[in-house]
Structures are given as structure tokens and as C-alpha cells.
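In the two complexes below, chain A is the common chain; its partner is chain B in one and chain C in the other.
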Partner chain A sequence: MKHELTLLLKQRSIIILLLLSLFLTGFSLYNGWQNINHINAQINQAKQEEILRKQDFLEHHSHHGTLDAGELGYYLFHNVYHSPGEWSFIALGNRLVIPYVQRIRLLGLQGQLYDGESHHPEYVMLGTFDYAFLLVFFAPLLCIALMHDLKASEQQAQRLLFLRSLMAEPKLFWGNRVLSRWLLVALTFVLPLLLLAATQTLSFSPLIRILAITALYTFFWSVLCAAISLRKRALNANFNAMLLASIWVMLCVVLPNLSQLWLHHHYPLQDGSQIALQHRQWVHGAWDLPKEDTLTPFYALYQQWKDSPPVTERFHWKWYYAFQHMADVKLESQVSAREQALNQRNQATGLLARFLPTVWVQRNLEDIAQSDVPDLLAQRQRITRFHTQLRLYLYPYLFEEKPFTTDAYMRLPVFED
Partner chain B sequence: MTALLSIQQLSLRFAGRQILNQLDLNLRAGEVVSVLGSNGAGKSTLLKSILVLQDAAEQTGSILIAGIAIAQARNQALSHLAYVPEQPAVYGHLSAIENIRYFLSLGAISQSMDIATCLTMAGLPEQSWHRPCSEYSKGMKQKVMLAFALAKQAKLLLLDEPNSGLDPQATEELNQLIVQCKERGMGVLVVTHDVLSAIAFSDRLLMLTNGQLQPVALNESAITLDSLKRLYQGQV
Partner chain C sequence: MNSLIWKIAINEWRRLWYARVPALLLLVLVALWTIAALAAHHHWQDHANTVAEVTARSQHDWQSQPDRHPHRVSHYGDFVAKPVHPLSVIEPGILDQSGHLVYLEAHRLNSANFNPATEATSLGRFPLITPAMIVQWWMPLFLIMIAYATVTADKNSGILAFMRGNGTPGWAIASGKWLALFLPLFFLLCLQTLLILACSWQSEQALLRLSILALSQVLYIAGWCLLVVAVSWFSKQLHGALLTLLLCWVCICIIFPRGLANLAQISYPTQPRTEAEYHAETKLQAIGDSHNPNDPHFAAFKESVLKKYHVSSVEDLPVNYQGILMQEGERLTTAVYREQQVLHDAQLAKQNESIRHWLWLTPALALQYIQMASAGNDLPHHQAFIRQAEDRRYKLIQYLNQVHTFKVIQRDDKNTRVSADFWKKAPRPPVHLSPMAISRSSILAGFLVLLGWIFIPGCLLFKVSHRL
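Now for the complex of A and B:
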């Protein structure tokens, strides 16, 4: 192995290729790290702004130590955050196409969740240059470049016969050739990662998982390259390179995209903006309905306030928030179907990952980076829980028509991320 | 004296054609034997058979190197042998020393000679030892290959067209090296078209025709183009 490494590292073209890989890995980590730093900075800034906003609201809306709970529900925005994990920088995944800071009011939740750009077109088009992207797409190309001509290059240099006469164990010889190349490929990915983990004192367990994924994935491609370039009549390097490039296109581009199309077709998903639109239509429609049409089903759900004084005025906040919430209730089945479809897609992708190494890597790295579909759904759950908490905190002041004191204001629920 | 290389009744068919036909050859330590033959006569096939690189199913007969049957103990038998191909098999980006060190690492070689000593014996100038072999002439590369054979402490040396592509001076130097190997007690089997060189360094000349080796007696001063033509046509 030592001699094989010497043989490799004495070649200028190999050194250039490995340095390029080291640079790209370093850059992918830097890019991911910068993105996460940006997200964290935005979240911190939003937290500071929220404190100021809430102080400002209190100064402008409090009258003699009380506030209007209805006004508060309408005008006061509460931040919810999708904070990155420690290792999120390795696979940004959904993190750049879903909001990491969102402002929620007491209005219907479904109208707010999907109100905005659901996809950042630039990121959707280009993808993100992070460690996961580089590993999935570039590592195989590096393996192909280093291992497509294992036997053919020796044949071309008229050295194969001589080498075969020297080999005590041909399998050991070729095995060493493949392993030394695999080791170098893996190291160009692992070394910058280890350096970053050491300098930033990142936790050990995810690091081990990432190292294992990197080692296994690059080993898979090394074995594949060896199988092609060491087969009995593998003496044409160009043919080997073309064959391996075709396999790369199939495994990295065609099959994952075809699978994605199949998943989209098999598990159709209602667009979030459709849900937001429908919510808005329900809300708008509610203005024209008799108030009882909204309040009766609302009180059926929240019987503790069924004895709330009847709404006799043209407008009352409790009626307003009741129809906002009832629009959410009416959309529950659609929201649940959407989440179920997302879960089904996720499970199907899990099955697919057993057969497609590219999907397996992406999925596992996104799991470590907390930027996968389960994390997205968990974030939705956290927002829903916070919104429910906020509603149930303010409802007594609205439906029992109690005065909302500044003390109550200070105890308003805060989103915990 | 036990033969270093003993080939008995070696027959080999390839693509329906009889390449070697009950061929016998014995080569002793300190002996140089050159095998001549026209293109396609089977000279390279004979070398491949000795190197155990032929499909065994198509081959019959026995080959012993230093008394060890290659069919039974390939690695042990080949550890006594060094093969120098027509095109020197050195890696261009490695130096002479690195090439030899790498080649020695491939076989199960228990003991090897000091590389610097071998390079000196092979006549490679010391100032070139650490330069990449891509800067070497073909003659220098051949010397690296011979230095490897010395470092390996091989008893038997197989040379495939050693003088091909060499200028007269390099040819002369290589011929002297072959003689030195012989004087060190090595057995040398040379496959060549260079009849004059073969006469210069060989103890015996053999012509491979119809899959068999026939001894030929040649006198350097009596060689003419016509006599060579007759020799290759099997009329001598």
C-alpha cells in the first residue's frame, strides 16, 4: 500500500486532481458554514427585533394598564424560527427553500403558513453547493478519473505482462491499487471535515456518521470502477470511462429524477399556496355569513366558551377569530392529507435509498443536518403547537371578555425553537 | 548440473493453431541461450508460458525453474526469475531507485541486493538515479530493468528483444551487461531478432520453427542477408 501511494502521489496530474478535490470540499464546507451563519445571524437579529417590537406595541396600545386582546391578536406578530442544527451546514437541503424566520399572528394558521414564496427559484434551479452535493456528484467523478484505466493504462504502457510476472497475488496487487486510490479520494473529503470539526469543536457522533457515509459511498464507487476497469478484457480506457460516465449519469441524475417524478405522480401533493388560497376564500366568505353560522360550530368545539355573551355588534374580535380558526378546521383534512403524502413520499424515498446509493447518501446527510422531510414536518408541528398555545392563551380574554392586562401581556407565549 | 530452466514436451495450441509442439529446452546456470525465429513463430508465447501467463487449459508439458515446477508452485518458481520486456516497463514519473523499489515490493521477495549497487553494476550513471525515468533514453531504461533483475537476485533472466530500438553503442553496452550476468552465474534466455548480438553473447543459438527449437550454428563473419533469409526460412 505504501508503495502504491508513492506511485500515485508522484504523479503531478493526480496531485492536481486531489488538490482540486480538497479545495472543492473546503469550499463546500465554507459555503454551507456561511449559509448557516447567515441563517443564525438572521434569527438572532429577528429575536432582537421581536423584543423591541413587543415593547413598542405595549407603549402604543396600552391604555391605563390594559390592552385590547383582539387588537393584539391582529397587530402583534410572533416570530417562529427554524433554527439550524450543529451539523446543518453539510446538507442545507430544504433549509434554504423554507423560511427560517416566519411571523405568525392569531389569524388562521394555514393562511399564514403558506403565505409567501414557497420556493426560492434560484436555489431550486441551481441546488446548493454543500458537502452533500459535492459528495454525491463529484466524488464518483473523482473515482472514475482515478480508476477507469487501472488495467488499460498498464496495457497501454506495455507494462501489464511484466507486472503480471511480478505479482505474487494478482488480487492483492489490484486490491492495493484500488484501495490506495479510494483512500486518497476519501481523504480529500474527510480531511477538511475533520479540520473543521476540530477547530469548531463539533460533536463527535454525527462526525463519525458522516465519515462512515463518505467512506462507504466512495468505496462503492471505487468497487464499481474496479469492476469495470479490471474485468478480463478491460483494455480500452476510453470505453471504460464512457461506460462509467454513463453509470454516473444514470445513478446521479436520471434514476433519482425519474424516481422523483414517479413519487410525485404516485403520491400527489396539494400545493401549499392552494391551501392558503382556500383558507382566504373561507375567511372572506365568512364575513357574509350570519355570525351564528360561524359561532355555533366554534362553540361546539370549544364548549367552555359557549356561554360567551352573544355578538350583537357588526364586528367583534371573538367572531373574527372564530371564523379565522374555523377556516383552519375546515382545511384540517387537506392539511393532514398533505402531510401524509409528504410522509409517504419520504418513506418511499427510504425504500429507494436501499437501491440508489446517491439517494441513500443525500437522505442520511440530510437526516444528520436536520434538513429532511421529517424535520420539515416537525417544524410545522412546532408552529402549530405554538399557534394553539397562543390561541388558548388569548381566547379567555376574548370570549370571557376579560381585560387583558400588561401582566398578561408580559406572559404571552414565546416560540421555543 | 541441475538445469535452471527445464522445459519438457511443451505443447500449446491457440485459436486452433499449434504454436508450440513438444518443445524441449534446458538452460544451465551461467549459460546464455538465444531463441531466434520469424514473426509469429511463437517466441513471445514461449516466454508467456514460462511466466505462467498462458491459459493453462491449452498447454501441456512441464516447465521447471530452479527445479521447481511452475504449475505447482508458481510464485516460488517465479521468485527465481526476472523478466525484461521489449519495452522497458519503468514508470516515467518515478526515478530509477523508486521504480526498482516499487517492483521489488510487488513480489514475495525475501532478500534483495542493495539498489545502488545494482544500478552501478548495470552501468547507470549515478547522477541520473533520482531523476524521473521519463527523462531516460531507452538504453538507460533497459539498464534500470536489468538492475532490478540484479536486485531481485534472480537466477534466471528472460529478455524479450532487449536490443530493439537501441543505437549501436547502447546495444554494445547491453550486450556486455548480458555477458556480466552470465559471469555472475545467471542463466539468460534471450528472444531476439538481432542475430549479430545473439552471436556475440550467446552460448547457444536456437531457432523456433514449427513449434520446436532447433540448434543453429552461425559464424559472425559468414553472415549475409541471404544466409539470414535461409535461416529464417528453415533451410539451414
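Now for the complex of A and C:
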């Protein structure tokens, strides 16, 4: 093993390849780290600004120590955050398209939940240069470069027969060769990661998982390369390289694409725009309906305010917020059907990941980084919970027409992630 | 001399044909291409259906509005879906990332929402196979596998020295080999272009878009053929040729494009949308508060309106003061929101600039810019769509405010309902795909890089073709 390593590290081309890999891994980690840092900084700034804005709102809208709860529901925005986890820099996943700071008010949630983020769409399309990308796409190429000509290069140098006559245990000899190369490949990925984890004192168990994934995945490719380049008549290095490159194309691009096509065909998802259109129809349609049509079903859901004073005038905030909420309620089945379809897609991806190592790695890293579909759905649920909390906090002031004091304003729920 | 070049090319074809593997690889490439075309067509149709559905439904919803108060209608709002060009089948570009629906509403600047990328599972992080991707990534890769040996093999077997000894000039061999590689791929590209032309000749600017697309693809592939022959000539061993070419491919097609985009993002990070909204609100507050009777801006505004109609109080106005106030408010908010939008666009432009600066590193990205521009799926087209939608929003809302001003009686403002005919006649011009000139700068930059991409490997080949 030691001899193998010294032999390897004496070749200039190999040193260059390994240094390139080290550099790229370093860059990918730095890139992910910077992206997450930016997101965190923006979230912190938004938190600061929210405090100021709320004070400002209080100054502008309070009359003799009380506020109008209805006006507050309409004009006051509440920030909700999609904070990155500690290890999110490893795989940015869909974090770049999900808004990390979003503003919610008391109006119907379905009209606000799907707001887009102002990212650079071309950047998102080209894809992120994170650790997951580098591991999934680049590590196999490195393995192929180092291991496609194990036998053929010896044949080329006319050493193969000589070597064979010397080998007591060919399996051990070739095994050592493959293992030493695998070790170097894995190290170029692991070393920068360990360095970062040590300097930033990151938590331990995700690190172990990432290390295990890295080791397993590079090992898979090493074994694959070895299997092809150590076949009985594997003396044509170029054929090996082309075969391995074709396998790489299949595993990294063609099969994931076909899987996605199958997935989309098998689990159709209603386009989100339908929800938006329907939501608008229900919210604005309510203006033209008799008030009982909104309030009766609403009071059926919220019996505690059934006996609150009836709405007699043309406009009352409680009727307004009741129809805002009823639009959400009517959309519930559609929304949960979409959620279910997304969950099914996610599960099917998990199933596919068992057969496609590339997908398995990407999925597991995104799981650690909390940047996959389940985290999107969890975030939507957090927002929904916060919205409900906000509604339930403000409803007594709207329905029982309790005066909304400055004190009550100070105790408004705040989104916690 | 021409017949000599042809002879070399035909000989090369014969050799490739008898080697079997190259022919097989070409077949696989065509199969991949077909899969890509089918998948992309499916994808495009899905999207086009969504756009058509949304447009029809939005139109129906709008037209079937009952009599309403105009301000209610301006909050009811309108939906605009982003139009797609049929060439999106070739290059969907940012279709999945940019969002395809904008909600137009009074005093709000909404984002383009609903991009499939948000809800994609891990599978969505793998690069999409599209016909454009086939030309951009897989054609060069297969070319490398087919032809890395083209000159190196002749060198090793002594044929090259023999030919040179017979008086065949190096450049003739080089052009013959290049022609042998380029022509079949050129034929495939022409076939693709003709097929698309047959399907989409009726679409907007079809000929212009398609010819620019085809030209860029031909230049790109020609450059790769030059590079392959040059490297093959340069290398002493087959193995070296293959590995060098593969390394070039990995850098040009995978590492550099992603690396550049990510470098641009960390050097000039974008601000979140909420930040822009917050700034816009602060600015609006500074301008004035229409609800506050003592606000200097709106007090002056009121004064000017009263003067215009020669009356002494709002109640005496022949028109609805609330409507006039709405118009003024909309004008102000729109100005501020547009300012924010310009700031945001400038931010993205900064990123683009930093990518452009290093674009010469990767002709693959240059090609992609041209492809996206011709398919109408790049950033400038998207921004133009946003601007069009915003323009339509402003005109529609101001129309409704006009109705508010002139058709709603001031005394009974809140209880008035205006006839639904006014909504039916409202200005809602359809949103069109912008002309291609909108992405002129990225097309120019792309072509510049592609010309360099022909020039540098060409010079390299010319220099190296004197060697034996």
C-alpha cells in the first residue's frame, strides 16, 4: 500500500489531478458557505428591520393607545424565515428558489404562500457549485481518470507479463492498487471538508454521515472502474475510458432524466397557478355575496364567535377576514392533494435512489442540508401554523370587537424557526 | 487540391465505418437526441398548455365579473402568463426557474410565481437533457470518443509520415480530417434545423431565431472538431489524446459554466425580494400619506385639483376626488416600484457582466446564451415580459381609476356599482414574446466567443499540422 502511494505520488499528472480536485472541493465548500452566509446575513438584517418597522407601524397607526385590529391585519406584514441549517452549505438544493425571507399578513394564506424569490434565474438554471454537485459529478470522473487503465497501462509499458510472474497473490496486488487510488480520491474530498468542520466547529453526526456517503460513493466508482479495467482482456485503455464515460453519462444524466420524466408522468401535479386563480375567485367573489353566505360556514368552524355581534353595516373587518379565511378553507382539499402528490414524488425519488447511486448521494446530502422537497413542505407548514397563530390571536379583537391596545400589539406572535 | 482533401475525408470515413465503435456511438447519439426531443416536446407542451389554460381562465374570470365598484376590480386584478416560443423545445432555458405567472393588482408589484424548480425533488438537480444540451455537451463528448485517435493513430502507424513523404501538405491532411468529422455532425444539425423549421415556421421571428441558433451550433461544433484534430495531432499517444480531450470537455462544459455563475452570485449576491418591498415602502412613506389630511404632498395635490376645477372644496368637485387621489397614488407607487425593479435588474446585470468577463473560458456557455436568446428563454426576455406585464398593470389600474373618477358619484362612493361593460372594455392587451433584439448584447458576446473558439483551435491546428 505504502509503495503504491509513493509510486502514485511520483507522477506529475496525478499530482496535478489531485490538486485540481482539492481546489475544486475547496471552492465548492467556499461557494456553499458564502451562499448560506449571505442568506443568514439577510435574515438577520430582515429581523432587525422588522423590529423597526413594527415600532414605526405603532407610531403611525395608534390612536390614543389603541389600534384598529382590522387595519393592522391588512397593513402589517410579518416576516417568516426559511433559515438554513448548520450543514446546508453542503447541498444548496432548492434553497435558492425558495424565498428565505417572506412577508405574510392576515389575508388569505394561499394568495401569499407561493411568492417567488428574486434570484437570478440563469444562475439557478446553470446549477450550484456545491459539495453535492462536485461529489456526484466530478468524483466519478476522477476515479475514471485514475483507474481506467490499471492493467492496460502496465501492458503499455510492457511490464504486465513481468508483474504477473512476480505476483504471489494477484488479488491482493490489484486490490492494493485500487484501494490506494480510492484513498487518494476520497481524501481530496474529505480533507477540505474536515478542515472546514474543524475550523468552524460544526456538529459531528452530519459530518460522519457525509464522510460515509463520500467514502461509499467513491468506493462504488472505484470498484466499478476496477471491474472494468481488470477484466481478463482489458488491455485497451481507451475502450475502458469510453465505456466508463458512457456509464457516467448514463448514471449522472440520462437515467435521472428518464426517472424524472416517469415521475412527472406517473404523479401528475396540478399547476400552482390554478390555486392562485381559484383563490382570487373565492376571495373576491365573496364581496358580491350576502354576508351570511360567508359568516355562517365560518361560524360553523369557529363556534366561539357564533354569537358575536352581527354585521349590519356595508363593511366590517370581521366579515372581510372571514371570507379571506374561507377561501383558504375551500382550497384545503386542492392544496393537500398537491402536497400529497409532492410527497409521493419524493417517496418515488427515494425508491429510485436505491437503484441509482448518483441520486442516492444527491438525496442524502440534501437531506442533511435540509434543502429538499420535505423541507419545502415543512416550511409551508410552519408558515401555515404561524398564520393560524396570528389569526387566532387577532380574531378576538375582530369578532368581539375588543379594543386592541398597545400592550396587545407588543404581544403579537412572532415567527420562530 | 480539393479532390485530395475529399480523398482524405472519405478515407477517414471508411476507417471510422470499419472500426464499428464510432458508427455505434453516432447511433447512440441520435437515439439520445430523439429521447431529448421527445422529453423536451412533452415539457414544452405541458408548459404551453398551462399558459393557455391560465390565459383562458383569467380571461373568462375577468369577463364574467358582475357590476362592481372600480376599486374592487383593481384589487380583483388580472393574471398574465408568460408566452413561450416553440423553440423552447430545443432550449427551455430558464423556463423552469423563472416563474410563469404574474398577478397584476393595484398598488402592488408582484413577483413572477410558480416555477417548477421550487417543487422539484433531488432529481431536478441533475442537468436536463434537451436537444440544445445534446449539441452543447453530448455531441462534443461523443466526437471526442469517436475521433480522439484520428491523427495520433496515423502517427503511430507511420501513415502520417508516409503521406507527408509523398508530398501531401499538412494542412490538406488537417482539413480532410476536419471535414470528415465535421460533415456528419453538420448534416445532423441541418436535419434538426429543417425539422424544427417544419414544425415552427409560423411562430414569431422563426427564421431569424432559428438561423441564429443553427449558426451558433455550427460554429460551436466546428470549433470542437478543430480542437479534436489539433489535440490528436499534438499527442504522441492515443491515451494522452483521449485524456486531454476529456479534461477539456469537463472544464469547458461542466466546471466553468457552473463555476462562473456561482462566482458571480457570491461576488454580487442578490437581495431578497422582501428587502426591495421594504425599501419601496419606506420611500413611499417619505413621499406622503394620502390618508393623512395634513400631509404636505397630498395637501398641495388637493389644492391643485381644486384650482383646476375652480371650486373651493372637495365636495363641490364635478368628479370623484377619491378616484383622482387613487390615480395620483398609483402614479407614485408605480414610480417607486419601477425604480426598485430597475435596481434589481441592475443587480442581475452586474452578475451577468461578471460572467461575460470570463465567458471566453467556455464556448459552451456562450453557445447556451445564444440558444436561450433564440428560444426566448433567457433573462432579457424574462425581464421584458415582467416590464410588459407591469405596463399592462399600470394602464389597467389607471383605466379603472378613471372609471372611479368619472363614473362613481362622490356622495355615494362606497355603495356605487359600475356596469360590467366597463370591465369588458378595459385595456388588457395580450402580452407578446419580445423580439429577439432584446438580448442583442448576449448574442453578440456569444458570437464573439464562438469566433474565438474557431480561431484559436484553428491556429493551433495550423501550427501543429507541420509536425510529423
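One rule holds for everything that comes next: the second predicted complex is superposed on the first by the 408 of 417 C-alpha atoms of A that agree within 3 Å, B and C clash if a C-alpha of one lies under 4 Å from a C-alpha of the other, contacts with A are read in each partner's own complex, and residues count from 1 in each chain.
Criterion: contacts are C-beta pairs under 8 Å (C-beta built on N, C-alpha and C of every residue); 3 or more make two chains touch, one makes a residue touch a chain.
Everything numeric here is computed off the predicted structure, so don't read it as measured data.
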Touching partner for A:L269 - first (chain B), second (chain C), both, neither: second
Greater chain A contact set [chain C / chain B]: C
Partner chain in contact with A:G93 - chain B first, chain C second, else both or neither: second
Residues of chain C defined as touching chain A within the complex: 21, 28, 32, 35, 39, 42, 50, 53-54, 57-58, 61, 66, 68, 72, 75-77, 79, 81, 93-94, 96-101, 103, 110-115, 117-129, 138, 141, 145, 148-149, 238-239, 242-243, 246, 250, 254-255, 257-259, 261-266, 269-278, 289, 344, 348, 351-352, 365, 372, 378-379, 382, 414-415
Interfacial residue positions of chain A with respect to chain C in the complex: 24, 27, 31, 34-35, 38, 42, 45-46, 49, 53, 60, 79, 93-94, 97-103, 114-129, 132-133, 137-138, 141, 145, 149, 153, 156, 237-239, 241-242, 245-246, 249, 252-254, 256-261, 263, 269, 271-274, 276-277, 280-281, 284, 287-288, 314-315, 342, 345-346, 349, 352-353, 358-359, 362-363, 366, 372-373, 376
Complex contact set, residues of chain A against chain B: 2-3, 6-7, 10-12, 157-159, 161-168, 173
Touch list for chain B against partner chain A, complex: 48, 51, 53, 75, 78, 81, 83-87, 89, 91, 93-94, 98, 101-103, 105-108
